[in-house]
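Chain IDs A, B, C and D follow the sequence of writing; residue 1 opens each chain.
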C-alpha cells in the first residue's frame, strides 16, 4: 500500500509535466492540423535556455524559466511564419515532413552548439527531499508540480476567457466560418503555434533541471506528447491534462507492477485500446463528416 | 518515350555492378535499394490510399526478425509451458516467411486500425511500432532482445539435393535487391492500374462517395495494408541477411522517417517517386560525409528535405512529369493536385 | 404533363417507422413512405426538415434509432453503405459529388467498380481476364459519359469542370454503379436554367430505362415537373404526401413551406 | 573570362587535393576510427575519439610509426548499426585502412564484424561489452574493454568486504545492462548472496522513480546499477528524492564519477563504483607516467576532466594498434592481425595482452584489464578502505 501511494505521488508529479507538454501540442494539432514533430525540440530548446541563462550567465533560476517561456514563444512564432505559413494549403503529411526536417535541423544544431554531453542545471532548491512518513518527494519536484499546474491554469484561462482564446476556439470549430466572421486566421495560427511552443519550452525549462539537458531529450518528449494528445482528444485542453496524468499513471503502475521493460509500452497500449474503443479520443466530440 | 523509361532505368541499374567496382558505393546502392523497396511499399498506403503509416518500420522489422529466426532456429517456451522448437530452415524460406508474416501483421493492424483516420491513424501506427519494438527488446528468449541476433546466414537460393546459390558477394546481392525492387514495382504497378488501384484512389479522394458506388472501404484498405506490409517485410528480410545482425534498433523511428522522406520528396502516389526520392536521400549521407562535420551532415539533410518540400510540394517526379506534359501537351494532366485548390 | 402511373404499383423502397435522435434532438420522427418500382418521388421540405438525414439512413451512412428500411424486401438498416449500393440503391451527394483530382473518365471507371470481373490474382498475374474486364469497363464508361452528355470532357480533370457539368458527372458516377434506384440529393442546386432543363431531360431518359428515382430538391418547378408523387417533410415529420397537384393545393404544405410565390407559379 | 577562370581554379584545386591525398596516403599509416558522433551515443563516442587523437599526436610527436606519420580516419556511425557497417566498408575499401578501432556500442560492433571477416581487416574493440563479440568465432576482433563477466570475476574478490546479504539489480535494457545483471547475478549467487529484483530501464528513459519505488520496498541492502553516466545521474537524484538508503554499487566502467559529483551533487555521496581506470590517483594506476601524460594532454586541450574515464579507452585503443603495427613491421591487415597477438604492454588500466576466447581455431582476442572499486564521499572520489 505504501509502495502504491509512492507510485501515485510519482505519477502526479510526472503527469503534471506530461500535461503541459500535451496541452501545447493539442492546441497546435487541434487548431492547425499540423503533426508537429518539432514539439519535442522546443521542449529541448526551453531546457537549453534555462541552462544558458541560469548556469552559463549565472542569472536567477526563476528568471531563466521566464526567459525560456518567452524565447519559446518567439521561436514558435518564427517557425510558424517561415515554415508553416507558406505550407498552409499543403497536405497534412507534407507539413509533417517540413516539421520533421525542422526537428532534424534543430536537434543536430543543438548538438553542434552544445555538444553531446548532457548538461545539468543546479537549482536554489535544497537537495534533501521532503519526507512525510514513509513518503518522500524532492522539493524541486514539488515546485515543478505547482508551476506546471499554474501554467496549465494560465493556458486554460487564455483559451476560455480571452478574446484571442475565443477566436482560437472558433477557428478550431470551423476555419472557414471563423474567417468569414472577420477573424484573422493568419494571426490565430501564429498565436496558436507560439503559445503551443512556449508551453513546450516551459515544460523543458521545468524538467531540464529535474533531469539533464541533452540534444536527444526532445525525441521521447514528442512521442509522449502525441500519446497524451490522442488520449485526450484533439484540441481539448482538459482532455490533454487528464491524458497527461493518465499516461503517467499507466507508466508508473505498469513499471511498478507489470514489468519495467514494458514501461513505455503501457502508454502506447492504452492509446491503441482507447482508439479502438472510442476512435476520437476520450474527451473529444466526434468530428463532423463532410 | 515514357513507356520505355522504366526499361531504360532498369538497364542502367542492372549495369551498375559491371562498371562500379567500389565496394563502398555498391554497399550504398544495396542499402539504398533495400530502403527503396520499403519506401515503395509505404507509397502504396500513403500515396494511393492516403493513409500515413508512421509505424511502417514495424513490418520491416517483423520481416527481418522472422527471416533471421527462420534461418537461425529458436527454442522458446510460451505461456502455459508450451515449448516451441524450430530447427534452422533454408535461408530463402526466411524471405518467404518474412514476407508472409509481415503481410499477416499488416492484415491484423489494418483490420484494427482502419477504424480511425487521419492524425489518429498516424498515432495508432506509431504506437504499434513502438509496442513491437518493445516486444523485440524484452522477449529475450526469442529475439535475444538487446543482445542481438548475430551470425545470420547470407541469403541462399536452392533446395536440398539440388544445390544452392548464395548471395554472398556484393554483386550478387545487388542483383537480388534489384530483382525484389522490380517484383515489388510490378506488383504495385499492376494493382494501381487496376480497379483495385482505382478503388484505393477513390477512398483517398472521397471516402463517402467511394462507398456510395459500392466500394468496400475496409476491404481495399486492408488489402493495401497487407501488400504494403508484405513488401516491407521482404525488404526487412533482405536487410537482415545483408547486415547479418539485427537487434531492436531495426525498429528505429528514424527508418520510418527515412521511408516517408523518400516517398514524399520523390512524389507520393507516383510509381517512380519512391525510387527517385530513395536514390537522392540514400546518397545524400554518402556525399555529405565527404565534406561536412557529422552534425552538419544531418543539418544539411534536414534543410534539403525542407527545401524540396517547399519548392516541389508535389514531389520531384510529378514536377518533372509536369514539365514534360507542358511541352508535349499530353492528354492526361500529370499533377492533378495542383488544380484542386481552385475547385469549390 | 405528368408521366403515366405504373399500372401495378410494386413497392421498391419502403420506409417503415423510421426515427432518428441526435442526443435529445429529434431529427426524424416516425417516418413512413413507399417508393414504387419505376416511380419518380420527390422528398421536399424546408432546410433542416430531415431530408438529407433520411437519405443517409436509407443508404446506410446513418443508423436509425428505430424502424426499418427495405429495398425490394431486403432490410437495409444493418448494411454498410457499400452493401446498400450493391443492392442497386445508389445515391449522389449534395456538396462533393465527384472525385476532384482524377479525370472525368477515371471517375466513371471508379463508379464501374462493381462491374469489374477480374479477381486479385488476375490483376497481379496480368491474366487475360484482367484485360478483358478492363476493356469492357472502358467501353461502358464511354457509353455512360455519352448517355449523360459529357463525353467531350472525358480527359479533363473532374475538378476543373463547370459546376453544372460536375453535377452531371456525379450522376454518371452513380449510374456507373448500375443502380436500379437512384437517390439524388439536390442535383440541380446551383445550376442555371439551361442546365436544369438539360438535367430534366436526363431524368426523363433515366426513367425510360426503368430506374426508380427518389429526389431531394428545392427547385419547385422542377420537382413539380418530374415527380409522380411528392413527400413533404417538416421538422422531421411527414406532413403531406401525394401527386404534385394535390401537394400544390395542400394548405398545410403551403403554410409550412411553399409560400405565396410557389402557389402563384404553380398556378401558371 | 571570369567564369572560365573560376572553373579552371576549381579544377586546379580539385587536382591539387587529389594529389595531396595520394601523397598523404603514401607517407602515412592510416587507422580507421568508427565511432558514434551523432545520435544517442554521441557524447561517449566523441570522448573516445578525443582520447584517440591524443594517442595519435603523441605517437607522431615521437616520430611516428615505422618512419611514417599516423593518420586517424574518423567516421561517424550515427549510433546506428546500418551506418556502422557502411562506415567500416568505407574505411576499408575507400580509405584503405589496414586496421580499425570501434565501434563503441555492442550492436554497432556486431554490425561491423561481418565486414571484418569479408575484408580480413582487424578491429580493436575499445568499449563494447557484449559476450558475443569475442565468442562468435571472428578472428579479427581484439577487445581491450572488459565484458561484464571479467568485471564480475574481479568483483568476486572484493565481495566479502562489502558484507552484502541481498541485492536488487537496476540495469539499462540493452546487451550491456542485461549482460551485467546475468554475470554479476551468477557471481553473487555463487557467494551465497541473495538476488532479488532485476529491473530494467529503457535507454532513453528519464524517469526511473517507478522502478526505484519498487526497489525501495524490498528487503535488499544493495542496488547494483549498470548504465551510462547521464541516466546514472538521474537515477541517483531520483533515488535520493525517494529517500532510498540502500547501498548503490554501479558497474560497467561508464559511470564517470566526476560528472556524477558535479551533476548529481549530494545524491552521489556514499555510492560505490566499479571502474577500470582511476585517474584521480594517477600514482596508483599501472603506468603512472602515461596516466599523467594523458591527463595533462586532456586538460591542455580544454576537455573536462570528467570525460577522462571514457576517453582513456580511445587512447589505449590507438596505442594498442600502434604496438601491433610496430610488431608487424608493415601496415597490412594480415600482418597486423597476427602481430596483435604479440602485443604486450601496460595500458592506463593494466596489462594489455590478448587471450584467446571463443570457438577453438577461430578465437578472438580479449585483454583482461584491472577493475577498481571507488567510492564517492563528500563530493570526492576515494579508494574505500574495506
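Going forward, contacts are C-beta pairs under 8 Å (C-beta built on N, C-alpha and C of every residue); 3 or more make two chains touch, one makes a residue touch a chain.
As the structure is a prediction and not an experimental result, all values here were calculated from the model.
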item: Chain pair with the higher count of C-beta pairs in contact (B-C, B-D); value: B-C
item: Most widely separated chain from chain A, with each centre as the mean of CA atoms; value: C
item: Centre-of-Cα separation between chain C and chain A, whole angstrom; value: 48
item: Centroid distance [mean C-alpha coordinates] between chain D and chain C, Å; value: 73
item: Chain B-chain D separation of Cα centroids, rounded to whole Å; value: 35
item: Mean-CA-position distance for chain C and chain B (Å); value: 42
item: Junction residues of chain B - those touching two or more other chains; value: 137-138, 208, 295, 298
item: Touching two or more other chains - residue numbers and ranges from chain D; value: 37-38, 173, 200
item: Residues within chain A bordering two or more other chains; value: 108, 111, 219, 261, 264, 290
item: For the chain B and chain C complex, residues of the former touching the latter; value: 187, 190-191, 194-196, 198-199, 201-202, 205-206, 208-217, 223, 331-333, 336-337, 339-340, 342-344
item: Residue ranges of chain D in contact with chain B within the complex; value: 37-38, 75-76, 78, 80-83, 85-86, 89-90, 93-94, 106-107, 110-111, 113-114, 130, 132, 136, 173-179, 200
item: Footprint of chain B on chain C - complex, ascending; value: 59, 61, 80-82, 85-86, 90-93, 96-103, 106, 109-114, 116, 118, 120, 123-124, 126, 130, 133-134, 137, 155, 157, 159-160, 163, 173-174, 176-177
item: Footprint of chain D on chain A - complex, ascending; value: 2-3, 6-7, 10, 14, 108, 111, 115-118, 120, 122, 127-129, 131, 136-138, 141, 207, 210-212, 214-217, 219-220, 251-256, 260-261, 263-264
item: Contact footprint of chain B on chain A as seen in their complex; value: 29, 33, 35, 83, 86-87, 89-90, 92-94, 96-98, 100-105, 107-109, 111-112, 219, 223, 226-227, 229-230, 234, 259, 261-262, 264-265, 268-269, 271-272, 275-276, 279-281, 289-290
